[in-house]
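In the two assemblies presented below, chain A is common to both, partnered first by chain B and then by chain C.
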Partner chain A sequence: MSATTTNGRGGHAAPVHRFGRDLPPRLLGFVMNLPTLVVLALVLAYPIYYAGYLSLHKVSLVQLRSGIFPFVGFDNYEKVLTDPLFLLSLGNTMIFTAFVVTVEVVAAVAIAILINQQDVWTSRITRFLILLPYAVPPIANGLIWAFIYNGKTGFLNRLLYSVGAIDRPIDWTANPDTALFAVAVPYIWRTLPFAILLAHAALQGINKELYEAASVDGAGGWHRFIHITLPLLMPVIVVLLVLRTSFAVAVFDEILAITQGGPGDATWVASWYSYKKGFAPPFDIGAGAASAFILALIVAVLALVYVKLLYRRVD
Partner chain B sequence: MNEFSRYMAGLGRRGFLQASAGLGATGLGAGLGGTPALAQGAPWAQVPKGKVDKLNFVVWTYGDIYTKIAAKFKEDWGVSIDSTISSFNDHPPKLLSMYAGGESIDVSQSSPYSFWNFVSQGLVEPLSDMPGAADYVADMTDMMKTVAVHDGKLMGMPYFSTTWVWNYFEPLMEKAKFTPFKTYDELMEQSRKAKKDKISEYPIFWVAGIGLEQLPGTWMQMTWNRGGVFFDKAGNHQLGAGSIARETLKWWVQTFTEGLADPESLKQQFVGSAKAFSAGTNLYRGPNHHYTLQVANDPKQSPNAGKIKVHESPGDGRTIGTAHVYFVTTANRNKEWAWKLLQYLGGRTKDGEYSQAINLAKDAMLGSGYTSVMNSDAISKGWAPYGDVPKILDMWKKTTFVGEVCNSMYKPWHFPWSDRLNIEVQKALTGQITADACCDNLIAAIRQVQRG
Partner chain C sequence: MRKTPLQKLLLHFANLVVIGFILLPMSAVVIGSLLAEKSLAGDTRSIIPGEITFDNFRVIISRGEQRGQVFEQATYLPDNVKKIYHALGNSVAISLSVTFLTLVFASLSAYTIVKLNLRWVAWLLSVNVFARFVPIIVLMIPLYVVFRQLGLLNSIWGVIIALTGFLLPYGILILVPYFASIPKELDESARIDGCTRFSAFLRITLPLSTPALASYGAIVFIIAWNDLLIPLILNNRAEFMTLPVVIASLVGDVFVVFNLMMAICLIALTPSVLLVLLLRKFVVEGLTAGGVKG
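Right after this comes the complex of A and B.
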């Protein structure tokens, strides 16, 4: 291990070697990363491993209490993959995720550019206000929007009616054609600030001189965005895609608070399926874990696709 | 052999002697209701064996009844109670996670739908050998015995009972010059006329929100009222072509197709539908738990308190009912102390009163699982501010436990099948599929969920 000190003349002195010798760079890298690896192993890897373990065993109340889980091989996976409700839930999840991630990434970049305008004084207030939804607990967010959507007394219908957009109340969450998107809106409202935050931070890292040079060359706003902003934002967009996709496929709170899967199966998503399998009688936790594990694999594949396709373009 | 005989047979010699002693000591007091004589020597007044530092219960929220009863227990017995209180829907997951985590759980509660599953998975402690158990069983209503007594063993104690009733909104009925319907055809005619005359845009509000009891219960109630069931006694489904259940669903779907049913119905459960109906824009509220009249007719909760009336189902008035229970879990600290706590929730307190049952009747209009409470002032006077008590009690006599209509609830696959039922019926009610397709899908789903 070594420590760095200043030499008193504004420069940095050579590293002090506490143990009498340098660690090889590879070993040093490993040691420096070890704490993070241990934490990730505990909070991420072990639960994933354990979910995989449960998915290969018969697990219900009796087994959980006794601690004895009979091995059933891939029976739970077969059970889940042949259940039409799981396949439908998976389909709904993909539609939800595609809609949410697209809207979030586009909106995040657009809003980040707006609030990045230093010469507009209101952007400073907006920057602060825009973070507020992120502080709302997910389940509370769902309940708030359930009130907003109420067919008879909801604020949304009143607003639309008062501006003449509708002539009779629309029951947004009771209509199978609108229910999934009605759940997506509160979800986006809650999670968009995080995406804006990332995009805004990336924007601030772009050298202003690039824009000045482009302007001198006669580039308009659109061309500056296409040829400077977007390419330089691409790494953060990839990060956003990976993060937002992995979170969106696990949407649960808004479903629980607003629709509970209804009307019919219109908002049954994969995490709701896993919850119902594992946490409602007869508490088939093995099958619930299998469905969750399948979902995790899908997220992993999507993340790989993003990285392969988009990072290559960045390079 | 009736449930009580089976119960006594299941006690065994030692249990029988204890139970008989209990009955003798109370002079059959429990069966007769009120505070029994010799309360000090009665089982509920005896100090349990062993010692505990604390006890706990895991329940779903209902006002502040659990705070009060925990304080009373501490005052009477000097033992603190830890309460874990979640919402109704979150209760099974909470119970599961605590049980799986190896935590102590002395007392919990269950809807009738979950209870068979909890019993079959070994979560529920049999109580037949507990002092005073026979007294309680002797006083239970038949519906409560059906839920609480399994294979002759007492497994649970009464939380509440309810019957399914219709409601109507009197001012709109007067405006339309209607008298409450006597047949389903008349209900349709009245609803069409009310809509046409712009008295109500959606004359009927159903309890059609997703749930174990809500949407399924509405369909089951109307099927039973028309003389049908979902499964016969041998367990064969009765959802095929021409079945009463299928025809009932077709009729129900029609109320949505014609725009007579309020679309908001699809999201509302019992209390939510009572509040929505209290707005006074619908004529009728479909069959639902009787006690929600307390919400609809409470001036603090309803802008139209006193104007929502109870109405009997058509035909011979037959309807369904349910009974919820408290139970001691097999993860208890000390069975005798857990039994003591259980009695505070579902039986008698130290003074020999059915304190909780009486308070629930007075404060929340809940029915009791005890005959003596049902025959007491707690019901006749306690319910009076919210509804026509003699009329409701008359409907009570025509009430059959919902398990008679849908005996799949005694099977482990009922929960996943019920999920499918909620999905398919809502799809039918929203016009995505026909009632025939819905029933066909449900028949196919039976085989699928039975596979596990």
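Right after this comes the complex of A and C.
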């Protein structure tokens, strides 16, 4: 690379290819991609392969110390897939994801339209603030909501007392039937801005003349939404469905901060299961890797769908 | 399309609801961090029970030495809270390094994807589209075992390398469409003037891509600053912890009170929130480019 940088400043006057000449594209392509290749191999490619390897071997504290991992075939998968707690976690993940993604897509379209109103001055304030939750560290977000939800000293109860909505304290995450949704709200709070941004960007791409023509034809607001906005937002809605689903199935930080899987096992999700298996006693790393691999497969299918959709849109 | 006064009123109301929802956790963390435990426990119904105090921040900033009135009788303060300067320093060092490294690596790769017509490099782009989806939790266990064998546990470098790897694909996806939008003629005329491809990259493509680099840089900094799982699993010694790991270590500690937690959360979220509000335009551009055009 030294040959390419020795031109120094003021390269316009420098003689043509003063030192070596241009590297052949193949070599240059390899050299310029070397850092990326090394890092991706170390952090993504090898660990993905190694996750598969670990999931087929018995790995626990004893094996980690000795460095010998006995091969056990698909035992770990069998163990995980017959574990009621894993199936429950998988089910919870699906309920959580379905709820989060549905709410986010509907809310994103609605709020995108709201902040797109140029002649409503409060929309400008919303537009300014909309990105704020995106910046909050997920674990801090979780802990803040743990304070909001707390049954004894929590913030939400204080608000509701002040407006006279309740007369006795509510412990918002204590009910096993609703705890999962209580965790979903903070997650939505943090990730909704991204969905709104995508929807808003798509909205701005819609030709305004379409609306004017429709207005001339006498179409009301609802009609314009159904016949112009919604069809033209469809591509971004589909992208959002896939993107948000593939990230929501891996929810972790908010679970850790707010419920740690509780009450009972009501908020165990797939990533929490893998984490607990691998990093909490009895440190069954093999089973943890197997459960994580199953989650990875689900995400891989979603990623494939995403790629297919993008290619179709390019055509 | 004029709006009737009623329509306008409804839109204002909708905005008020959205703004209220955005600000609900923000007001909770600010108010909580300014209260004493006694006030929180004594009056469970008022929004602001008792007097405002800065003792929570004082005890954190003084590493537990200045107790103030709120912590006068407290005999226990978690060690991790006392190491807050370590955590702050680690978070800054890690986020800045990851931002710098991913910017360099991603722009090098993105340039080859756009300008060199190589089949395997094009293939690298599709690998990145997939790589972006890999949830960190899936790789946590193998990453822990691999980094353990490499002796990268309990070091700043392990976290930097891992985060760089996870954020690179995203950056490549953001930069590729931007690099592709720069007119080919600029690059070609520079090469006719005697630039090698690499110096054309340094002098033409990079300077013209400042907005995309700023967008991606801001996003990477925020994600690195906020990330919990990687430092949580790779480092378990207090001197290598980042702010999110310190926060996570307080979860489940029954002796840690909410007012102190809220103060730490406020300290952790202020830098990234300020960054987003200041660089709003760039963050928006990066997020939409990486999400739609990817």
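As a working rule, the second predicted complex is superposed on the first by the 240 of 315 C-alpha atoms of A that agree within 3 Å, B and C clash if a C-alpha of one lies under 4 Å from a C-alpha of the other, contacts with A are read in each partner's own complex, and residues count from 1 in each chain.
Keep this in mind: a residue touches a chain if its C-beta (ideal position, glycine included) is under 8 Å from a C-beta of that chain, and two chains touch if they have at least 3 such contacts.
What you see is a predicted model; the values in this text were computed from it and never measured.
Student: Taking the superposition as given, does A:211 touch the first partner, chain B, the second, chain C, both, or neither?
Tutor: It touches chain C, and chain B stays clear.
Student: Scan A:155 for contacts with chain B and chain C and give back first, second, both or neither.
Tutor: After superposition on chain A, A:155 lies in contact with chain C alone.
Student: Counting only touches as set out at the top, which of chain B and chain C does A:40 meet: first, second, both, neither?
Tutor: It touches chain C, and chain B stays clear.
Student: After the superposition on A, what does A:197 contact: first (chain B), second (chain C), both or neither?
Tutor: A:197 sits against chain C, while chain B stays out of touch.
Student: Of chain B and chain C, which one touches more of chain A's residues?
Tutor: Between chain B and chain C, C touches the greater number of residues in chain A.
Student: Once chain A of both complexes is superposed, is A:283 in touch with chain B (first), chain C (second), both, or neither?
Tutor: The answer is first: A:283 touches chain B but not chain C.
Student: Quick one: classify A:132 as touching chain B (first), chain C (second), both or neither.
Tutor: In the superposition, A:132 contacts chain C only.
Student: For A:260, select first, second, both or neither according to whether it touches chain B, chain C, the two together, or no partner.
Tutor: Both: A:260 reaches chain B and chain C.
Student: I'd like to know which partner A:51 touches here: chain B for first, chain C for second, both or neither.
Tutor: second
Student: Once the structures are superposed on A, label A:274 by its partner contacts, choosing first (chain B), second (chain C), both or neither.
Tutor: second
Student: Overlap the chain B and chain C contact sets on chain A and report the shared residues.
Tutor: Touching chain B in the first complex and chain C in the second, residues 64, 150, 152-153, 260, 275, 279 of chain A appear in both lists.
Student: Show which residues of chain C lie in contact with chain A when the two form their complex.
Tutor: Where chain C meets chain A, its residues are 1, 3, 8, 11-12, 14-16, 18-19, 21-29, 31-32, 40-41, 44-47, 49, 104-106, 108-109, 111-112, 116-118, 120-121, 124, 126-127, 129-131, 133-146, 148, 161-162, 164-166, 168-169, 172, 191, 193-199, 201-203, 222, 225-226, 228-229, 233, 243-244, 247-248, 250-252, 258, 261-262, 265, 268-269, 272-273, 275-277, 280, 283-284, 287-288, 291-292, 294.
Student: In the complex, go through chain A and note every residue touching chain B.
Tutor: 60-62, 64-65, 79, 83, 85, 150-153, 171, 173-176, 259-265, 268, 275-276, 279-284
Student: Would you pull the chain B residues touching chain A in the complex into a rising list?
Tutor: Counting only chain B, the residues touching chain A are 89, 92-93, 96, 99-100, 102, 114, 117-118, 121-123, 209-210, 263-264, 266-267, 276, 279, 281, 331, 412-413, 415-416, 419-420, 422-424, 426-427, 429-430, 432, 448, 451-452.
Student: In their shared complex, at which residues does chain A touch chain C?
Tutor: Residue list for chain A touching chain C: 1, 3-5, 7, 11-12, 14-17, 21-23, 25-26, 28-29, 32-33, 35-37, 39-40, 42-44, 46-48, 50-51, 53-54, 59, 64, 111, 114, 117, 119-120, 122-123, 125-126, 128-148, 150, 152-153, 155, 157-159, 161-162, 169, 186, 189, 194, 197-198, 201-202, 211-212, 215, 236, 239, 243, 246-247, 249-250, 252-253, 256-257, 260, 271, 274-275, 278-279, 285, 288-289, 292-293, 295-296, 299-300, 302-303, 306-307, 310.
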